[in-house]
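Following this line, the structures themselves.
Same chain, two partners: chain A is paired with chain B first, then with chain C.
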Partner chain A sequence: MTASILQSPVRPASRRRRVNRSSPAGYVPLILSAAVIVIPLLWMAIGSFKTSDEVVTQRLVLVPSHPSFAAYQTASELVDFPRLFLNSFIVTFVGSLVKIVLAITSAYGLVFVRFPFKRIIFLGILVALMVPSQAALLPNYTFIASLGGVNTYWGIILPGLGTAFGTFLLRQHFLTLPPELLEAAEVDGAGHFTRLTRIVVPVSRPTIATVALVTIVTEWNDYIWPLVITNSQQMMTLPVGLTLLHNTESDPSLYPVMMAGAVLVVLPVLIVFAVLQRQIVAGLTQGAVK
Partner chain B sequence: MEATLPESGAVSGAPPRTRVARRTRSRSARDAWVFVACVAPNVALIIAFIYRPLISNIYYSTLDWSLGDRYATRVGFGNYVQFFTGSDAGTILGTTAIFTIATVGGSMIIGLALSLVLNQRLIGRGFARATVFAPYVLSGVGIGLVWTFIFDPTTGALSDILRGLGLSAPNWFGNPHLTLLMVIIVYVWKNLGYCAVIYLAALQAVPGDVLEAASIDGAGAWNRFWRVTLPLISPTTFFLLLTTILSSLQAFDLLYIISPQGYGTNTLMFATYYQAFQASQAGYSAAISTILFAILLIMTVIQMVLIERRVHYR
Partner chain C sequence: MTSRPGVRGLDRRAFLGLGGAVGAAAAVTACGGPIVTKNGSGTSSTIKPPDFSGVKPASKITFWTDNPGSSQQVTQQIIDKFTARTKIQVELVTAGSNYDQIAQKFQTARVGGGVPDLIVLSDVWWFRYYLQGSIIPLDTALAAAEIDPDDYVPTFFNDYRYDGHQWAVPWARSTPLFYYNKNHWRIAGLPDRAPTTWEEFSEWAPRLQSVTGRTGAQHAFEYTSSVNTPAWVDQSMLWGEGAALSAKDSFTLTIDAPEVVSVFQRIQDNIRVNKWAIMAGSNEANDFSAGAASATWGSTGSSVGIQKTATFEIGVGFLPGGSKVRQPVCPTGGAGLGIAAQSSPAKQLAAARFIAFLTNAENTVTFGEATGYLPVRTKVDTAALRKANPLVGTPLEQLARTRSQDWARVFIPGADTAMTQSITQICNSGADVHKTLSQLQEKVQGLYTRQVEPKIS
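Coming up: the complex of A and B.
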């Protein structure tokens, strides 16, 4: 952003300038659209610091008069937040780690290892990318339940481990690597494992990071599968546990508590996004298939 | 990084010709094993949890059965007959169509407008781009809760504002059409950043001299947009159309948080969940999800053809 502003006087930008000329009036829609996004998120944060009285009134309370963490305390009394957080963390961490490893090895195999029918196998993976995983809900439930996976970490993690997205993105990247890079290593007698861990992975770090970020965010937000495969509070992930808060209590005075819960589930992703925004946006839009 | 290759010394003693010959013979067999080790786990998982369920669903859809029951009755096409002859076909397909068309249209049109705003050389547009994209990566549960709070008919901020303006605050949760409208608004709010960012990339790829030429020919901004920019970014429009339709058809978390009983928001996806896990009609749920899958399959085929085209363009 800053770079393009600094560069603009140097570049022969006069042409483009005339096409998208920037007048102060251009800022109105820019600010407006940013505000439409920011205000509801801000409202969530403010709401979580309010007292029940400030929420229940029909008067608009913009800033709580006595901001407090009371809602967060009530929230943790109603639902075991540390436990939900831990569950979400374990599921996200283990799930993402396995998925990333599988994506790297699959993409490596598809690009660098000689094997017949590679194209057909890749096509099978590519099609899976577009098959709605959500329509698989019931059969996956009966399958995992029959294996005893209800209310277990592995039951939450296992069905999502097959990774079409990461494989696809990494394969596309591996194809752009210069073949000489690996040929040299091969002539030196380096085996596949060495080539993968010493050459392919190190030079692909940015793409792997992108895949990792997208995977982590998706796992953290994942909802419908953990919702059906857990029914004990002890094993629920954070988004599922929040539903409990919402469904059992429809009392408006509990809104601060719900907002506190919403902050807890949204904030970690928001922080990661704020820091690594460029890579996340690139990962979700490049390849442009979710 | 260290680029030391530990095995490199082992074979270097052999004369070059025999080494190559021996290698190529054993290599293809060894490579096959390496390939299987690399790819098989992932492929097995994909088959087990993505492809197998599609077939199981078709089988389940011929049963009258509820989750947890040991026994099921075969009903053939009974569940489909029930769906298409009862009232569900109208309401569920109708709700799905309205939700999909409104969310896809809404997020694409607003996303395009937003991308035009972001495409101007303005200070802070990088920040605005990130801000607009942010809701797309946030948990649907968190977002759903916030908007439930905002839309609350008695205590919500929106109601407070409307009352302040002397208007009456509608009961968003009391009328199925309003509930659907509310869910559509929230869904568009959450997803328009995705469309905006992809459109923005497409706009930035529009060559400046083409626009310049149109400008010299006397085309105003309006004409330049409709006659030059829009046709040039049409591949992006097709691409977005299909991806957003696919994700709208599968939308679940926002719907479930805002309207847990599916009141006014009973789409195919919602019904798939609800019939199996709340209404104890697993066979019926499987039939609905098979119908959903058939629709998605058509979309997917169109999308595959399009992606193939996109690749060829480059």
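Coming up: the complex of A and C.
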């Protein structure tokens, strides 16, 4: 869903933008929707610098009276953040890379390669899209555990690799590519691999960036699977590691600590988003072929 | 460009295909839900605790916990001491952030492998593990680890006794307390103590509610939020009126008995008619710490966090008694430790040794100082504890007034969740109390007939 929102305003947006620039009213929905998204995050970030009685209070404390990194300190005493970062980075990097490559190649195959039962295979992929990953949790666990994948990077990464979402999105996009483009290359003697890497991938950059963004965010935030497949603190990813900050009993004094942990988890995603965001925009402007 | 396959509108064939896909998805989903199944050994008549004669303790064990009371650091300290003394390594694994997550993970591990040797068990989960045969009876393990059962606080220890065997050892145990805001009490002109009965409090509460303009409170009292298992503390009010969720030490349910209905009717009236109470939205300990509620009740495990956060003076007291029973009306709660059946005898023995160390007189106090939990041993020096946590004296004295929980809540899988739902309906949606409780009785009865009865008879 996120993908189509990011992707759809290709042409209309560029035309409309000029209209909006002249009227300040156009900014109102923009500011409103940004506020809805930004304020909770900002509140979390501010909260991580507060003392617990400034978080758990009936007063509105906008600016902490004694801002400090105490919560970050407590959080890093409780959790080995460098290790968790490393784990999350490895899992996200390898996982997303393989996922994206698989999605591009499988979508290419589904659209541009002629072979029997294509629609049935595509239907199978749609089925996979509809199965919530939670439902496959137990079978996956049994399988991976029997292969010895508990507490290993490949154990965390492997079951999520089949990305129906990416394949689906890219297939739909590839279908919209003008066939003439590929026919011309074929006439020039380009094989499938050349056509994929030299034509299809470059012209599809915005879509691929979208898939990459969604994949990276999903991998980074994935919680339930890494929780189940890891036991050792050495192998936990960041979201799982955050549970170390949570207390089973109600403990109001832990809120700043939890927010500090959440800020540390969110930051890398924000950076990735900022980078890929530019990619998407760049892709939009230069992606036109005709 | 318009009529390419895949981008055209959904025609009939595509729709049928899609329907098939949904069906297939449903079929895939159908396998692998969490079901309580019995795993071979362990019917009540055939239970035999493992024999540890000649077994040497393993050199490494795994311990799954959710770090109740933010206990990760203190537990690790105790583990380090244990390893230094015995050369047995204990890997502390945070296997979730609450008891349900631990349970979910334990269930998956039982099927898929990778079970821990030692696991933390909450009051409402251990019996399920007993039914499944996934924990061992500890009698022989305790003897082999030279643990003297008589040295544990009897209510805590006996909570895990069933069918003539011991199934767990108390560890992070708590009781609920009555917390009150001393400032608000002063402003309302109330004596500086917790109410002795709920009748007394129902006279105090309107006075607290009438001065909210000066105290800044929203309500005089907050009942337990739906995320914090309200049925746990609510038992106390039932017991005070001579009622219970189930008859003592039996599975005979009494959830829709007239006395139970009248207690919950009073709770609902305090919220909806008298308007001096409310069911906490997310967490009563937060609201109390923020001064939004003048009083609440909650676990001693929260007392350390509340003291760190609250900027006012906190008062604590015993849970108020009822019109029929003054004491004991206080349930016990929290978690114990169990040993996995799938673990090897050598590891089970090492785990038992670790239990002995973790819950010994010295460490149970160290643990209590850091978390607010109560010592599980009788022969302990509580002076250090009282110094670290000035509020702990009250729950320590209250221990003598505790009562083991009703089987309906703690022994029937899923019953506590069902109770939480019904109590939430009664408190928040103003549901008809008698009708809701009859439905709850029926539901819990069904859970019992399906999941417990076949396995214990």
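One rule holds in what follows: the second predicted complex is superposed on the first by the 212 of 290 C-alpha atoms of A that agree within 3 Å, B and C clash if a C-alpha of one lies under 4 Å from a C-alpha of the other, contacts with A are read in each partner's own complex, and residues count from 1 in each chain.
As a convention for this text, a residue touches a chain if its C-beta (ideal position, glycine included) is under 8 Å from a C-beta of that chain, and two chains touch if they have at least 3 such contacts.
Everything numeric here is computed off the predicted structure, so don't read it as measured data.
Undergrad: With both complexes superposed on chain A, which partner does A:H246 reach: first (chain B), second (chain C), both or neither?
TA: Once the two structures are laid over each other on A, A:H246 reaches both partners.
Undergrad: In the superposed arrangement, which partner chain does A:V127 touch: chain B (first), chain C (second), both, or neither?
TA: Once the two structures are laid over each other on A, A:V127 reaches both partners.
Undergrad: Determine, under the contact definition given at the top, whether A:S65 touches first (chain B), second (chain C), both, or neither.
TA: After superposition on chain A, A:S65 lies in contact with neither partner.
Undergrad: In this superposition, which partner touches a larger number of chain A residues, chain B or chain C?
TA: Between chain B and chain C, the winner on chain A residue contacts is B.
Undergrad: Now for A:T57: first (chain B), second (chain C), both, or neither, which partner does it touch?
TA: both
Undergrad: Contacts for A:V228 in the overlay, against chain B (first) and chain C (second): which applies, first, second, both or neither?
TA: In the superposition, A:V228 contacts both chain B and chain C.
Undergrad: For A:L137, is the partner it touches chain B (first), chain C (second), both, or none of the two (neither)?
TA: Both chain B and chain C are touched by A:L137.
Undergrad: Looking at the overlay, does A:S146 come into contact with chain B only (first), chain C only (second), both, or neither?
TA: The answer is second: A:S146 touches chain C but not chain B.
Undergrad: So, does A:L175 touch the first partner chain B, the second partner chain C, both, or neither?
TA: Only chain C is touched by A:L175; chain B is not.
Undergrad: Output the chain A positions appearing in both contact lists, the one against chain B and the one against chain C.
TA: Of chain A, residues 56-58, 126-127, 130-132, 135-139, 141-142, 227-228, 243, 246-247, 252 contact chain B in one complex and chain C in the other.
Undergrad: Which residues, counting only chain C, touch chain A once they are in their complex?
TA: Counting only chain C, the residues touching chain A are 1, 4-7, 17-18, 20-22, 24-25, 28-29, 31-32, 34, 62, 64, 66-70, 72-73, 91-99, 101, 104-105, 108-109, 111-114, 116, 174, 216, 228, 283-286, 289-292, 298-299, 301-302, 304-306, 308-311, 371-372.
Undergrad: Along chain A, where are the residues that touch chain C in the complex?
TA: Touching chain C from chain A are residues 52-53, 56-58, 77-78, 119, 123, 126-127, 130-132, 135-139, 141-142, 144-146, 150, 171-172, 175-176, 178, 227-228, 231-233, 236, 243-244, 246-254.
Undergrad: Can you name the residues of chain B that touch chain A in the complex?
TA: 1, 3, 5-12, 27-28, 31-32, 34-35, 37-39, 41-54, 56-57, 60, 67, 114, 117-143, 145-150, 152, 154-155, 157, 159-161, 163-164, 189, 193-194, 197-198, 201, 208-209, 211-212, 215, 224, 239, 243, 246-247, 249-250, 252-253, 256-257, 260, 269, 272-273, 276-277, 282, 285-286, 289, 292-293, 296, 300, 303-304, 307
Undergrad: In the complex, go through chain A and note every residue touching chain B.
TA: Residues 1-2, 4-5, 8, 15-22, 26-27, 29-30, 33-34, 36-38, 40-41, 43-44, 47, 55-60, 102-103, 105-106, 108-110, 113-115, 118, 121, 124-128, 130-143, 158-164, 167, 185, 188-192, 194, 198-199, 202, 217, 220-221, 223-224, 227-228, 239, 242-243, 246-247, 252, 255, 258-259, 261-263, 265-266, 269-270, 273-274, 277, 280-281, 284-285, 288-290 of chain A touch chain B in their complex.
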